[in-house]
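Lettered A, B, C and D in written order, each chain numbered from 1.
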Amino acid sequence: MDDEGTLMLGKMIIAVEGIEECEEFAGLIPEVRTNLVYAREVARTREDVLAVDGRITVVDGRPRAAGWVKFGSSSHMARLVLEVRKVDPSVRAGIDFAWTPRLWRWLEGYCRERRWVVSVIDRRGEPEEIREGEGASMPWKVAEAVRAAGGKVPKIFYETGAIGKEPVTVLVGHDPIEVSDQACEIARGYHGAG
Amino acid sequence: MDDEGTLMLGKMIIAVEGIEECEEFAGLIPEVRTNLVYAREVARTREDVLAVDGRITVVDGRPRAAGWVKFGSSSHMARLVLEVRKVDPSVRAGIDFAWTPRLWRWLEGYCRERRWVVSVIDRRGEPEEIREGEGASMPWKVAEAVRAAGGKVPKIFYETGAIGKEPVTVLVGHDPIEVSDQACEIARGYHGAG
Amino acid sequence: MDDEGTLMLGKMIIAVEGIEECEEFAGLIPEVRTNLVYAREVARTREDVLAVDGRITVVDGRPRAAGWVKFGSSSHMARLVLEVRKVDPSVRAGIDFAWTPRLWRWLEGYCRERRWVVSVIDRRGEPEEIREGEGASMPWKVAEAVRAAGGKVPKIFYETGAIGKEPVTVLVGHDPIEVSDQACEIARGYHGAG
Amino acid sequence: MDDEGTLMLGKMIIAVEGIEECEEFAGLIPEVRTNLVYAREVARTREDVLAVDGRITVVDGRPRAAGWVKFGSSSHMARLVLEVRKVDPSVRAGIDFAWTPRLWRWLEGYCRERRWVVSVIDRRGEPEEIREGEGASMPWKVAEAVRAAGGKVPKIFYETGAIGKEPVTVLVGHDPIEVSDQACEIARGYHGAG
């Protein structure tokens, strides 16, 4: 493993342990579970993206990583971050968590206070020829998130209206520790607001 | 724990180990992961249903139970089996796994050979007032699966067309070991057909 | 699996979860870790004895079973219980935990109150021809524990003075749930006495 | 976490995954389990030493880390490496594994080929006033290992003759990945020689 990869592994461990210690985050883990991803500075394929093998699930009421962190172990979130980076290469990390109308209303206020750009991907607007293949959808989805945010890469976004797909909230950032800290702060804030 | 519960725990352990040892089943674990549930002979609420805490996920390319088996640790699959039992009380166990058009075509042939009843729940036919609450949907869904199967509880069924819900295949039976064995046989058969 | 084995698996799950939920027991897990074993009513070899695969270790300050419960997964504790059963066949379960002079002094008072027989195996008295093979030692050790207890199978005993062997306390009983409950009560009592 | 700590975490993950993937190493895991430790460049207490929380145990016949890697989670191996570093500060990592007379005979030949210095700590020579406290023993033990190796820090050593302590082999090096690779090579070589 090269030095960049080794340092990335270290950061991911810290980030994942942060999630595991945040009991409130268990309430935000969706049916499809959470993944946390981290792309190399120069990243082309999912093999250049670190993720949690088996994702992060809820065991005994607490978040728990199912396996170790590994390059290539995510498909969906890895491709999402790779696509976002085409617009803003400073984005290297991302996490997904549950979406509900109530959480989103709360998040809109939360993001406004922090001047974080939010966005929504309404998949009902997706051209049918794109909707077919998962591979074809990702570029359209990220382009749509950026378009709906007025040309900027949003900090937080979700997609809605897809048949057969659970809606999830996505948060992106520069670093998995930053992204993990922000996700935990959201979990605690939302839990406290409950 | 009463004797029935203790014996149920033992059967579930055997059933879950069967899944863990079936490497081919990893290919059938959906995004929302697999659960395996087992209801008491007299079961009213999810607390009467045994399930895998944290569900069964894929780690290192193999199925792995995230936690122990516990009463009350499933919501969705527990409610599904409780509802099916209102029509056929001999059903006490169930498992869910991935659904794809290709798998379903293969499964239809597989079930025909075994004279297993199959069914489909087309949620586009679901009345809007029911679709709102998850709790309201389950009775409708099971009734629809039975109706579409000509009045019988199907052995295998899936639901289609739901916004925000990954389609999954459901297999029910009398006992978690039976259900686990059948699911593994399907996984191996489908893998071999690949 | 036969019915006896299935019921045994269920009892073991309950017993192991009891240990995992007893945080104070983490303080009693020895360097060699804890195992909990449960023998069939008619048991001849270790394959007839259920145990925790990988034993019970301390993770994050709490007891955690490393793997599932399996027949044949213990050697030492399985052979110990098989040997005890030759004297008292009503013994079917056993657990081992840490031994320190301070714990033992406390345990002696604890056992006196409950009229539990205690015993010590002083391996410095072991004939050299027996000491060689592990297999040869076990019958001698159990015979010595019974002899030192005045002819009775002790409820709690430990062995001392062995080169290369960590001293551990052993508690035996009829059932793994009984044995797990008693071990947890000891852990909590001793912790409170701290 | 500072950069040094983060990079160390990354190296430890790689090293631990190496052990987990080496099935033959399962045969070398002692009763007290294996730990792998890695000290900071400037290290004074065990809090400066990274280790596997819950150590590495055998589950399903394969080595498995019980928990994550954490600073401060080892006592014995951490103190050992800290003590060795007083003689040779280039040593920063260490691993322990099983010891048997047969393995040691094989290891002596293995080390001779590599010109690795080996040593033995015979605890029967330990002054009684030192033997009492574990804390007091470590400086004596490391000094004895160095003395018996003619003044050099040995690459591989073990201690013998201690009452209540399982003998384990210790291998030290500069880096946890080096140490993990060397331990796995030994495991495979010894397995092949079996």
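Convention: a residue touches a chain if its C-beta (ideal position, glycine included) is under 8 Å from a C-beta of that chain, and two chains touch if they have at least 3 such contacts.
Everything numeric in this text was worked out from a predicted model, so none of it was measured.
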{"item": "Chain D and chain C - chains in contact with each", "value": "none"}
{"item": "Most widely separated chain from chain B, with each centre as the mean of CA atoms", "value": "D"}
{"item": "Inter-chain centre distance, chain A versus chain B - centres from mean C-alpha coordinates, in Å", "value": "29"}
{"item": "Length of the line joining the C-alpha centres of chain B and chain D, rounded to whole Å", "value": "47"}
{"item": "Between chain A and chain D, centroid-to-centroid distance (C-alpha), Å", "value": "39"}
{"item": "In chain C, residues with contacts to at least two other chains", "value": "none"}
{"item": "Touching pairs - complete list by chain label", "value": "A-B, A-D, B-C, C-D"}
{"item": "Residues of chain C that touch chain D when the two form their complex", "value": "31-33, 53-55, 57-60, 64, 66-67, 161-167"}
{"item": "Residue ranges of chain B touching chain C (in the complex, touch as defined)", "value": "1, 3, 5-11, 13-14, 17, 68-69"}
